[in-house]
């Protein structure tokens, strides 16, 4: 965030077309991979059940990727997204099971937990002036502990049958959870595209000096970005709740690294000022296809990580190319 | 609206950047703000635009010259609200945002938090019309030329209905046609009753367009709102420099001995960054100047010479031997060649490292035994150059970033002297350095040459070039356009010839 | 600050002295604060639970843990010096430990050979990461993130191929001695050594070596200069590409050592080695005052940071705190330490300016 405006301007010049290129490449990869998978599995992929499963389990990675993307937009990172998702879902489940509250209270409570922790992250970053990576590293540790504080290592199940049923329901052949994720993605896209608040975040990320001189508070942008990131993690927590039917404190442990994978593959740069909702969503889809391939071919699940690692690196090499050569 | 400031004081640790500045800005005038680098101009602008809070003094505005209302600036928006707009020297645009959005950023039209894009475009196009400028409102500014960005910045300042408009070095990156266009706009704004404050180094422009002038020297205002019609050019220079201009004329130097083997020779060199068939020689004891417009390819040639860009054909000879330089490390350790970068803060010094390490970085190989460096020998080395170059530091562990620009530049030079370089490429040595330090730098460079170093000097400062160089090579569009013999150091004669070569295509 | 040698400097402004960070008062040094906190906690814990000072129950295992986590912290510190990050610390350790285990299992090699193999494998992976970063110019965060993904898959595939899927069953000669013995077991006549586990000297030598590297050696200093400003370093004749690769190789090597030591402490070369390394790798250097910007590191601070986390862990364990409460406390300590560090800095600077 400290590079001079001039170098930033020079560096960005080709970036626009490159970002577009990333999205086009991702669409091509998605289509090709899908077709190849369909053909090699003898059309198995096209069965309604399979498609539904693919989309159902795309919802959480997609929202988590967006959650990370929002903070990357202001040049920050949020290491607490994964554990925060877990905390939100456990809190909501606890409210329903232990306190007997209705989902109409528990779900907003989960969202509130997410946004609240995000707000705390943002305020801490602004107050301490410490790198967001370290601040969220600390809050990640705290939240990881808090998650267990709710119900220890126990599992909550049998909460709100309605919510779980909704989680498995479909509208026009599309799973409800996926539709929710889609609505969230569209909302995030509109937020960054049209609202003054969203534009302010991008201005702060793109050129903090110019933003400040234009009367935009970069501190406020940081707080807003972290709060939205937390809120999205809360939404992901609710989606987990709807999808699984039982939750425990280990949820979210394996979400952190994928949360970076989606936006990075999708062409979002770590330096800030750039978002691509479409790219992030497509990247989450591509990663999901790797999972599907593993399941379809009965491959050792560990190959998935290997391939995702390769895809992250490959995507970055393809699209970012020279970016950051001087400040890597 | 008339704006005046009285007794402004702004202190930074160890420096009084402003030390009692008065300013009187009347509507319907173009007011020039002049001063050497380091005189306090940038600080004054930052105080007037709410970036810095003054430690003492008042800023007041008045509509009728009778009742004065004090204004306090806590943040940039306060200045905007008070009707003060500014075009900063640094590009302050968001590269990925469109032209329209950048112009409207400070006063974004919106409804219920949603940006009203048609109102935004209307506002932007109104501002662009005021400048008689036709730009695609939807283009990201990153795709614009530097001059276009500059004009977008002016449009941005207009968008907030500024009645006092500060332009900080607005033409430094513009061609003369573009500058003329900008000044036409300035005149129009003045005739509409605005006060335009012009901060520039170009005295020609000042005399062409400004009505009144305030001159800053060492943080004080030495001329306050005087009419330019009463002043001559040399009066203004005297005010800025504080002594007679004649002192700056150096004596002629004897011609250098060029019979031996050249320390550095480029023979028909072409580079991957566009230079073609460049040939030059620098002999020991000689200062060869490389002059040209920004973008003529001077620094780029230096960088290719150091292996940062590729030399595609031709040869580089060092002391008569063909040299293959692939990195600065090669240049330093194998050929004894050093490069004092034009970009002091990012390439010249390590701002967050102690001064000892900044000087010793090039000679750690020599100072170490078994790969370990002795702190003692670093300190001794530093003391040597503190003495020799007159570097002002408060201790060995002081960080380079805490030194003044001139002292940083001396540190940046010291590391190459420490490495016993016999060839030095010095790029823009005195940018942003005050007059006195500048003079001491000139003496220093001349002394180095007298001791037998071969120096290739790159500078955009023509008086500096004429003062120092024995020969001036003029570069135009990545080719050498001509050579000026400068042993007489006669400013009038040399500069005339240099300028003629710079516009070689008109001569031919 | 060596003013005596500066008498030749013409009129150095004396008032600037106190504003330099190097001129900050001693109490603004985060290491001092850490030491105070560690001592206070040790006193507190031993007052609450006298068994905290029990040699066999607490002190010996704590030293063994501490040794591992200090090395893990140094592994991260090696690249923090450049302003880089290494998110693949866990998996670099895991792959190195696998390589050592395989050497023992298939070649029946002596203990020290396996250690050498672990170090070499770690250094090679680190060098690979450094090479990718320098040749592509992609951010180290992204590269090591991708590498971690890749190695994560690789590790379980490797264990599935070479073992029953979980761990090597082999026990090389000397492993148990390294695991269970302390210097107390070795006597010269009536005089026996202190109750210090045998892994501690290994860690200590490493700490000193890394400390000397960054403080005294040309290579280490050039790494720091590279971290301070890549462009200035390149233009000062520092071979920056080589230094970046070397720093990452050093990070990998230290990961290898940490993986090996953990395997010794656990008594098995297993697939889960390194799983818990990522957080402590950042925790120790950051607590010790190393920031992410690059250009400055504190080896001593890293050791103190690792010590603090180990003391908290053992103490709360004795007080029968649960793992989750422990995590919360460590997170809070980290936040407090960082905020206090900030406050101290602001206070000290303000004091300096006023003087």
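A few points about this structure:
For clarity, chains are labelled A, B and C in written order, and residue numbers in each chain start from 1.
Convention: contacts are C-beta pairs under 8 Å (C-beta built on N, C-alpha and C of every residue); 3 or more make two chains touch, one makes a residue touch a chain.
All values reported here derive from a predicted model rather than from experimental measurement.
Taking each chain's centre as the mean of its C-alpha atoms, the one that lies farthest from the centre of chain C is B. More C-beta pairs in contact connect the chains of B-C than those of the other pair, out of B-C and A-B. Measuring from the averaged C-alpha position of chain A to that of chain C gives a distance of 30 Å. Work out the mean CA point of chain A and of chain B, and you get 44 Å between them. For chain C, the set of residues that touch two or more other chains comprises 231, 293.
On the chain A side of its complex with chain B, the touching residues are 4-6, 8-9, 12-13, 15-16, 194-197, 199, 202-203, 206-207, 209-216, 273-274. Interface of chain C with chain B (complex): residues 1-3, 5-6, 8-17, 19-23, 212, 216-219, 221-222, 224-225, 228-229, 231-239, 293, 295-296, 353. On the side of chain C, the complex with chain A involves touching residues 84-85, 132-134, 136-143, 145-157, 160, 230-231, 279, 282-283, 286, 291-293, 322-332, 334-335, 338-339, 342. The residues of chain A lying in touch with chain C in their complex are 124, 127-131, 133-135, 137-149, 152, 249, 257, 260-261, 264, 270, 300, 302-310, 312-313, 316-317, 320-328. Interface of chain B with chain C (complex): residues 13-14, 306, 308, 327-329, 331-333, 339, 341, 343, 346-354, 357, 361-362, 364-365, 368, 371-373, 379, 383, 386-387, 390-399, 402, 415, 419.
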